[in-house]
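Presented sequentially are two complexes of chain A, the first with chain B as partner and the second with chain C.
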Partner chain A sequence: MNNPIPEAFDISQAPSTREEKRGSRSSAVWHQFKRDWRVLMTNPVTILGVVLIAIFGLMAISYPLLRATVLGAAFYDPITGFDFAVLHPSPPGPGHLLGTDSLGHDVLSMLLAATQPAFLIGLAASLTTAVISTLMGVTAAYFGGFVDNFLVHIADAFLLLPAPIFMVIVGMRFQDLGPVQLGLIYGVIAGAGSATIVMRSQALLVVARPFIEAARIAGGSSWHIIRVHVLPHMLPLAALYMMLSVTGAVVSDGFISFFGFSRNYLNWGTMIYSSFVYSSSLGTGTEWHVLLPPSLALSLFAAAFYFVSRGLHQLADPRLRTR
Partner chain B sequence: MSNNNDKPLLRVQGLKKYFPVGGGFLRQARSFIHAVDDLEFDIPMGGSLGLVGESGCGKTTTGKLLVRLHEPTDGQIFIQNEQGELEDIAHRKGESMKTFRRRVQMIFQDPYESLNPRRTIYDTVAEPLVVQGIGTIVEREERVAALLERVGLTPATSFMFRFPHELSGGQRQRVAIARALIIDPVFIAADEPTSMLDVSIRTGVMNLMMELAGEMGVSYLYITHDLAVARYMCERIAVMYLGKMVERASTEELLANPLHPYTRALISAVPVPDPRISRQAIDIKGGVSAPIDPPPICRFFARCPLGDDFCENNPHPPMEDKGGGHYVACYKV
Partner chain C sequence: MLHYLLRRAVSGLIALFLFLTLMFFVSESVAPTDFTTQFSLLMTEEQRAALARDLGIDRPLWQRYFDWFGSLVRGDLGFSYYGFPVAEHLWGLIPYTLLVFLIGTMIAFQIGRWMGKVAAWRGPGLVNTLSSISAIMLYTAFPPFLAFLVSRVMERRLDLKRPALGGRAVGNVFFGELWRSPRWEPETVMSWVLLTVVGYSVLIMVLNELLARRVRRRMPTLVQAAALIALVSGTWYATGLWPYALEVLKVASIPIVTFVLLSFGETMLIMRTSMSDTLREDFITTAEAKGLPSRAIRDRHAARTALLPVFSRLVVSLPYLLTGLVILEDTLKWPGLSASLFNALYQQDIPVVMGGLVLVGVLSAITRLLLDVMYAYLDPRIRYDSGKLRRAG
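The block that comes next holds the complex of A and B.
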């Protein structure tokens, strides 16, 4: 034994505090992330959700690439494409992998084209939900009193508003809304309603803990305390509500389109709608090869984010973890 | 500060805190919990006061009032400023409040809850310096490291960037002590800092607190329900009952010669580690009641073995000096 002191206990080897701090800060975040990721990956449902989201992500990315290469505009454009070589609607075949609908649109092309708007709606809705619910919930819980009463009454009002029906009315009235705007509208309704109520109750728990008082005694302003001590404890729950909001928003969007209020972008709801409408007017019966892909896509897309939310829920509430 | 030894560091006059019961949105509360009612005491420079009483008597509320976590309903809290003058901080707000925060700190009861679990030990201890804008990052780190070593967390480098859950209860409370001392306060309110700790490490933490307070010239209010702890830690002891202070004296005087019937009952309830000594038990009746809109007579009347018609028909007795700074609030002693 040349070296009687194990390296880990030899403090003369310790790096200077500044270096260690910087290294350790980022590695602390990284370790936290790895720990959380490990918990997430113990849940098979969550793994399924992550895989599904990855597949949809690939679909969204591959669409412009495929359009530029193999899916030429003349035959495959989801709006204007028409293939004169086949009789529409055509069943799945070598030229059109998922067939065409009665107006000659390529089903695969439409399916892929609708993926990106779905992500846009989901992203807009989830971010809006997270920001609004965190702001309202934390403000209400931290300041209490009149502010709390006021915000809770607003949240109650939004809670009673049925989001899908409201979205149908909005979609009917404003037919030129893009995916981002629709996502924002949904995010406001979902965020200011149920999500705010839950975020507020979580924030109430955090605000009552003595380390908040300790920060106040240190001289910390309300903004400092909320930013440094309250918000980090809200993140897992905010992430959970973001996922639920994606599901809600995408389903609502499909819902509007299914009622025939189509807008200037393609989505799966429109495809489902058209599989019924044109086929019945042309007397060809329900086009199953047009109906099934978007139905599956919509369900799986919504389910994927819900599956991930199940895992995040376990992360936010450790009591739900299976030992 | 040579010319202000005669002045107390902290002086409390007529301090009151009433919590409304039941009120709400656009609705005035009808009744109030008299959590702290008309307190009066001084703490000298470098001195210590033990605040003793049963659960719910207003000890913690008093501590939180002194560090201004609560806004007093009424009364004054004077504290010496840096020029040695007494300043009333009872209703301070804003920027001058932040300066006051440098002078007064608090140590909490539960070391598991008083440290933010998502912040490193360095973040927690340095927080007062950061929010007060004291020093550069390098200076803060040196100061935190030095203080961590001083509170017994050595080597500091191995503790600074750990998280609270990696520390034991005693280590956490040492971190809490370091956080309270990092900005050189003149006064600390310690709210039962050892009651959540394992018995075997209590004395260590108590000794550390006393040593550091002596070294750094910090006065402290030590809140506890344990007379033995108060005796160990404090020069003087004050006894509270239902929001009122009933007796205040130097530690030895109070324990040797308790005058108020409540203090006597408290002392008689402390177990004596010698089976041959038999002590006369003082009986008090009933249990402690909630101090919601209490009648204006002596708070202790309902349980007092000495109470009579005079007590029933007169207001709560004032604190009276029975000689040598031994104050008692009772008509019958």
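The block that comes next holds the complex of A and C.
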């Protein structure tokens, strides 16, 4: 017997056990998700948020379908459409369910067309916020000392920076930015500012716990400890800040368009802007049927993600769970 | 605590420096060309070059940056490219912004605190759900739309004439008989209104704390409010400021109300969460077991402790509040800081832009420091850090 390794430590059997382990791990993740979902669904505010997001999702999906079928005529195009059969602006009626604006665009068509960019900008902003704030917060808390000071000062400077104003300034200069780019910019500012500060204080609590010390003594590398032991504890809070970031990004995107910049894609802010500008310059009075739908859509879209964040707040803070 | 505050102040200064540096380069590079381009139809190429040389904008960027920062350190905001001194220009705008921001924040904070307290005390239920839904809806409402609704409702009721929404021009918002030959300019009236309201509130707060220390009892909120109103209106009446102050507040009420509606929701939500957290603590059970009246438990034991997270959260959300204010000012054509900021950006008048940003930065840095002081005062762990601080509070 020249094999010095006892059978118990023989790694030749590892693959099968590892396979099993991975299976159990993914099902554990699934169980965790189901448990979290059940907690989320006890909160009526969160349910409302999920329902609203589902409705907006339907709107985003249905737009290309409707354009291909019911809204097929050329005058339903949200940008170039003009219906010669009616006087513009026309109130809601059978041909145009939400009426038309002063320039002859169909309001319903514009409303639906603006949903997809809103989702895109929200997605880009939330992912960027989560990645940047988690990276900065965890790095600052884990390494401490000089790294911590440096990152906290950067976060403080970003905290002074009002993201929506900055977005308006950027939107002024680069008028052809798409929703994804704008979302990225917002995500960097929001993520490096307030989100980093909150993530850092959460990470400080995690890092101070005994199992991190144990992992360090066991010889785990910094990257391993952060990835395996710290990050899972940051996820609920990161999700919370993702939701808040969607709210902020969509509203700031609305601001850019509301000030009359960024005509690259249609969004609700543009509709509100044009309803203000044309109603005052043409002297037609307030066109409520043009103003109300985009304003409500923008406010409700922003609110929906905030509603969900209330439930996530419960998840991130277990003390609130029983309530 | 002094050490703690000093550290906070220094880190605030560093953050301010980073912020201004970043913003200088951003606002310089945002402009595709320079200030003189807007006169390209009026001037020849040589004249424009001469103008650029006069204004010093033909020099490299880093040189301008050091020049600007050097004069800022000496307390000089420089001259606008149109020739007027920036500091003087901004000085006339500060009262407009501060009036809305300070009074709005004070009202929003009180409303949010009270609503959060009551909602948490009632416990989960329909009222709780509905109140948090409506608070969130107001908080995330698109500010221009909310401003439009508020001005629509209030204008007719207050019989105000206001400039139209949309478009860029920002001008006077004070019309009417009183301002034909006024004894005071609107800006002066605003400064006095601010000074009396804030000064007397601080006075009442200090008195209240002294009272609490002497006889372990505080004035009820209603008495405080009544005392504040009596003092403020008495002073206005005595100095003859009364009609002007009323007129100013009437015109300012639209931005103030919009700002309050936008910002009270967050305070309420945090207050509710932290209050229902506090209600599960042992000392609340102790207070109940002692047989204290439930009002005393709610107001004196729970609400005071629950305020801490509200303050720490307000520090973080301050930029959002300020931004809301900036957008509101622009929508309602309220001639505050932001209106000037955006106009200057259009004209690429960088000294004015940077002056406005310095003010925004300083304003939020000061507010954060104030919130830090309040936090330190409310949190016994910081207050009693060292023995001698007890008296200093």
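As a working rule, the second predicted complex is superposed on the first by the 296 of 323 C-alpha atoms of A that agree within 3 Å, B and C clash if a C-alpha of one lies under 4 Å from a C-alpha of the other, contacts with A are read in each partner's own complex, and residues count from 1 in each chain.
Assume contacts are C-beta pairs under 8 Å (C-beta built on N, C-alpha and C of every residue); 3 or more make two chains touch, one makes a residue touch a chain.
Note that the structure is predicted; figures quoted are calculated from it, not measured.
S.K.: Given the superposition on chain A, which partner contacts more residues in chain A: chain B or chain C?
M.R.: Between chain B and chain C, C touches the greater number of residues in chain A.
S.K.: Given the touch rule stated above, what does A:Ala157 touch, chain B (first), chain C (second), both, or neither?
M.R.: Touch status of A:Ala157: second partner only.
S.K.: If we overlay the two complexes on their shared chain A, which of chain B and chain C does A:Phe166 touch? Say first, second, both or neither.
M.R.: second
S.K.: Once the shared chain is lined up, is A:Phe146 touching chain B (first), chain C (second), both, or neither of them?
M.R.: first
S.K.: State which residues of chain A lie in both footprints, the one left by chain B and the one left by chain C.
M.R.: The overlap between the chain B and chain C interfaces on chain A is empty, containing no residue.
S.K.: Inside the complex, what are the residues of chain C that reach chain A?
M.R.: Residue positions touching the partner: 11-12, 14-16, 18-19, 22-23, 26-27, 29-32, 124, 129, 132-133, 136-137, 139-145, 148, 152, 164-167, 269, 273, 276-277, 280, 316-320, 322-323, 326-327, 330, 338, 341-342, 345, 360-361, 364-365.
S.K.: Show which residues of chain A lie in contact with chain C when the two form their complex.
M.R.: Spelled out, the residues of chain A in touch with chain C are 44-45, 48, 152-154, 156-157, 159-166, 168-170, 172-173, 193-194, 197-198, 247-248, 251, 254-255, 258-259, 268-269, 272-273, 276-277, 280-281, 286, 291, 295, 298-299, 302-303, 306-307, 310, 313, 319-320, 323.
S.K.: Would you mind writing out the residues of chain B in touch with chain A in their complex?
M.R.: 24-25, 64, 67, 69, 97-98, 101-102, 104-106, 108-110, 113-116, 118-120, 122, 124, 127-128, 131-132, 137-138, 141, 145, 155, 157-158, 160-161, 163, 176, 179, 183
S.K.: Which residues, counting only chain A, touch chain B once they are in their complex?
M.R.: For this pair, the touching residues of chain A are 11, 14, 17-18, 20-21, 24-25, 28, 146, 149, 209-211, 213-221, 224, 228-229, 232-233.
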